[in-house]
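Labels A, B, C and D are assigned to the chains in the order they are written; within every chain, residues are numbered from 1.
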Amino acid sequence: MSKNPDEARLSAWEARTEWPLTGLAVAFLVAYAWQVLGTANSPRVQWWLEVWLWVVWGVFAVDYLVRLGLAKRKWRFVGRHLFDLVVVALPMVRQLRALRLVTVFKVINRRLGSGLRGQVGVYVGGATLMVAFGAALAVLDAERNDPNATITSFGDALWWTLTTISTVGYGDRYPVTTEGRLVAGALMVGGIALLGVVTGVIASWFVEKIAGAEASIEASTRSEVQALREEIALLRVELTRPEPDSAPR
Amino acid sequence: MSKNPDEARLSAWEARTEWPLTGLAVAFLVAYAWQVLGTANSPRVQWWLEVWLWVVWGVFAVDYLVRLGLAKRKWRFVGRHLFDLVVVALPMVRQLRALRLVTVFKVINRRLGSGLRGQVGVYVGGATLMVAFGAALAVLDAERNDPNATITSFGDALWWTLTTISTVGYGDRYPVTTEGRLVAGALMVGGIALLGVVTGVIASWFVEKIAGAEASIEASTRSEVQALREEIALLRVELTRPEPDSAPR
Amino acid sequence: MSKNPDEARLSAWEARTEWPLTGLAVAFLVAYAWQVLGTANSPRVQWWLEVWLWVVWGVFAVDYLVRLGLAKRKWRFVGRHLFDLVVVALPMVRQLRALRLVTVFKVINRRLGSGLRGQVGVYVGGATLMVAFGAALAVLDAERNDPNATITSFGDALWWTLTTISTVGYGDRYPVTTEGRLVAGALMVGGIALLGVVTGVIASWFVEKIAGAEASIEASTRSEVQALREEIALLRVELTRPEPDSAPR
Amino acid sequence: MSKNPDEARLSAWEARTEWPLTGLAVAFLVAYAWQVLGTANSPRVQWWLEVWLWVVWGVFAVDYLVRLGLAKRKWRFVGRHLFDLVVVALPMVRQLRALRLVTVFKVINRRLGSGLRGQVGVYVGGATLMVAFGAALAVLDAERNDPNATITSFGDALWWTLTTISTVGYGDRYPVTTEGRLVAGALMVGGIALLGVVTGVIASWFVEKIAGAEASIEASTRSEVQALREEIALLRVELTRPEPDSAPR
């Protein structure tokens, strides 16, 4: 969400809708999990769950349009929120909507913030679990009914998600439908980003150790300068004294 | 392209030919996609597309020779443009020419430059998409007619490209021909570089946060030194005053 | 283990129990390896090994409870020692207990410490070997009796561990049981962390080279300031001299 | 090779033997490639090649023993040259000797050194190609005669090497013998290190850009201090002047 001061109305809207949308997102995930995993659901329940998923989609679509309406620089908004657009504009790729859940973590993150790296750790850990759960649901939903499918149970789907997000990819399970492959693509991007963040955090930790040593050199330079300043101040006091030595002269 | 001030004529040529060559590269990709995907093309269309691809190759070859002619330090030029040489010298590996498209992004990049990391993000994202599209075309072209091939449709080719560039590698699809494997090799190098850039950008982001804190320590040292300098200046003014106290003496 | 000064009693306990627990962990690994690999063991031996493994588990469980009892901020302790909780609370997932061995390296590491990167290298190398050995044992134990298993000998298990921790994942061997997949999950997380640490160490090495150059600039600034200070000191001595020039006046 | 000033004799020996050993290593690789790929060789040729490989191994073993004899701190030498020990002590794992070739790049690297990152790029690129070539030879040699082997031609071996070092791992080709798997293990370690170096170089490049900005702040602090020093020098000159104003007094 843009923190741009130019977009005050947009930011206000986003701040106000953050919590309700987060709640909606959680409700969406629960309903989606119920629909995908509840194979024994009556058709009536399935129908109501479907309606509910479409209603949530509709709310997110309205939210996107309102934000677009509030944004001063429309094209810039579209350019910076391409993922939101994809999520809203492709309702037929129902599976991808599960990834909307990532927004949940924007809230969690705000609460747990204790140092930059700690924050990132919580964010990455939580987002990875949530994305993995959503992706497993989505890929199961997409694959289950394909005759060539290798992913036919939720256990298989979770296992496939794990092998994919870690980029191991044994190939004992893999999606064969187009929808399943789109989910896989999103998950792989997530896996690469995950690797990048883990590496980045570790590398920055090492660099910080080094930077800490350097900062202490810096600090010693500063204390040197301060000592110098005190000496000059002393010198000045001495020079502007009424010079008692010369008085008897 | 070398920005070396010693190679003024070479740089001028490269600046002048950048746009026409970019246009040619796009035309090349379009024609190549048409040739590979248009299975219902008449032989006549296929023949003209083939001619066009060879003409574009010829233009790139001429461009390479002209640049080699303009370069003052020939061997250095060859050493620094090995990829260009490979692209030009191996016309029989027709598939690799698709990767020439990366040059397109040199232009796009120049336009969108807004901060180092933003630039890199756009470049990497765009180049990845373009390379993936070109690689999918090339591998399909190479594999399609092999009896043992597992990549026989453009959908399969795109899916294979995705599993390869992310280094997941399920193994449900893989190239079996030598040409297809060369394309795969180029793609894997791209995948490793992609991982490296993503990680590098994230790591540098963390490091910058730390460096920012350090820069503020630095800035306080500088302001300390400036304060000191002002004090000295004051002291000097005082010393060089006509000393009114001593006048009545 | 928390080094928090607020948790003095907890730290004292952890310091005192470190060595005995490390010894227990090694004994646990030896017994576990004996149980898994000793297919010709008599039922009596297997029974005693099983008892021993449960006894060690019991000691670790008691250790966890004591530490929880000593901690002042209970929830914080639970939150920061989630892995310990998982290891203690899931005795039915017997395989994961093998990963408890990582604690061994806390001790080894303390001894070999010679520079930050050296330490990390020893730690990562040692921990990787130990985790790989434990994971191979655990996955063999889990898979061996499954009719669809592809991992049926210790050699296969070691090979599978290698392909997994490096994230290569050929897919010629892969776990099919839930327990085996949990081991795989732990191993993949280890593989990602391993990649992250290797990259982080290398990146920090490059950054240090650069930081070193910068530190020398810094050092020259400091020597400049010191020279300045000496000059001021000289100036002050001159000013406070009894001024011999004015004496004859 | 240790550059330790304490080990002057060891360093001298290493400097003197560097070139001859590099030549031997190249000769070893050529003979090894001839032996592995030359399936039509007469038994006599194969026998002479075998003798030659054993002679080279013997020279390397003697070199190791001489260096051990020259080293003052024997255990430290063994600890820091574990890889050399593995290569010398395991002649029955003939395939691993091919990796001895990495030493060749120590020489190449010394010549091409132009900036830290450039050096690393050349080293990594060259070493990767050499290790990949050696590994492909070694795995082919190990697998070729196994009835379950999937790697039976040099083309397959090269392709397998590529999929392994990039950690893609399709699984269409994989080693099944113990020797082949040892080669794979060495290659995977190489793949992880490769990823690490690529990422490290890119990350350090970004960090350097930032460090560069910081260094310019630093430089401005320094010039500030220098200006201050000049001002003080001026002040001193003024104070120690014969004071013409007081002369008429």
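By our rule, a contact is a pair of C-beta atoms (placed from the backbone, for glycine too) under 8 Å apart; a residue touches a chain by one contact, two chains touch by 3 or more.
Predicted model only: the values in this text are computed from it and were never measured.
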item: Rotation angle (°) superposing Cα atoms of chain A on chain B, nearest 5; value: 90
item: Interface with more contacting C-beta pairs, comparing B-C to C-D; value: C-D
item: Geometric centre distance via CA averages, chain D-chain C, whole Å; value: 27
item: Separation of mean Cα positions, chain C and chain B [Å, integer]; value: 38
item: Residues of chain A touching at least two other chains; value: 163, 167-171, 195, 199-201, 203, 207, 211, 214, 218, 221, 225, 228, 232, 235, 239
item: Interfacial residue positions of chain D with respect to chain A in the complex; value: 167-171, 199-200, 203, 207
item: Contacting residues of chain D [partner chain C, same complex]; value: 116-117, 120, 163-164, 167-171, 174, 176, 178, 181, 184-185, 188-189, 191-193, 195-197, 199-201, 203-204, 207-208, 211, 214-215, 218-219, 221-222, 225-226, 228-229, 232-233, 235-236, 239-240, 242
item: Residue numbers on chain D that touch chain B, as the complex places them; value: 155, 159, 162-163, 166-172, 194-195, 198-199, 201-203, 205-207, 209-211, 214, 217-218, 220-221, 224-225, 227-228, 231-232, 234-235, 238-239, 245
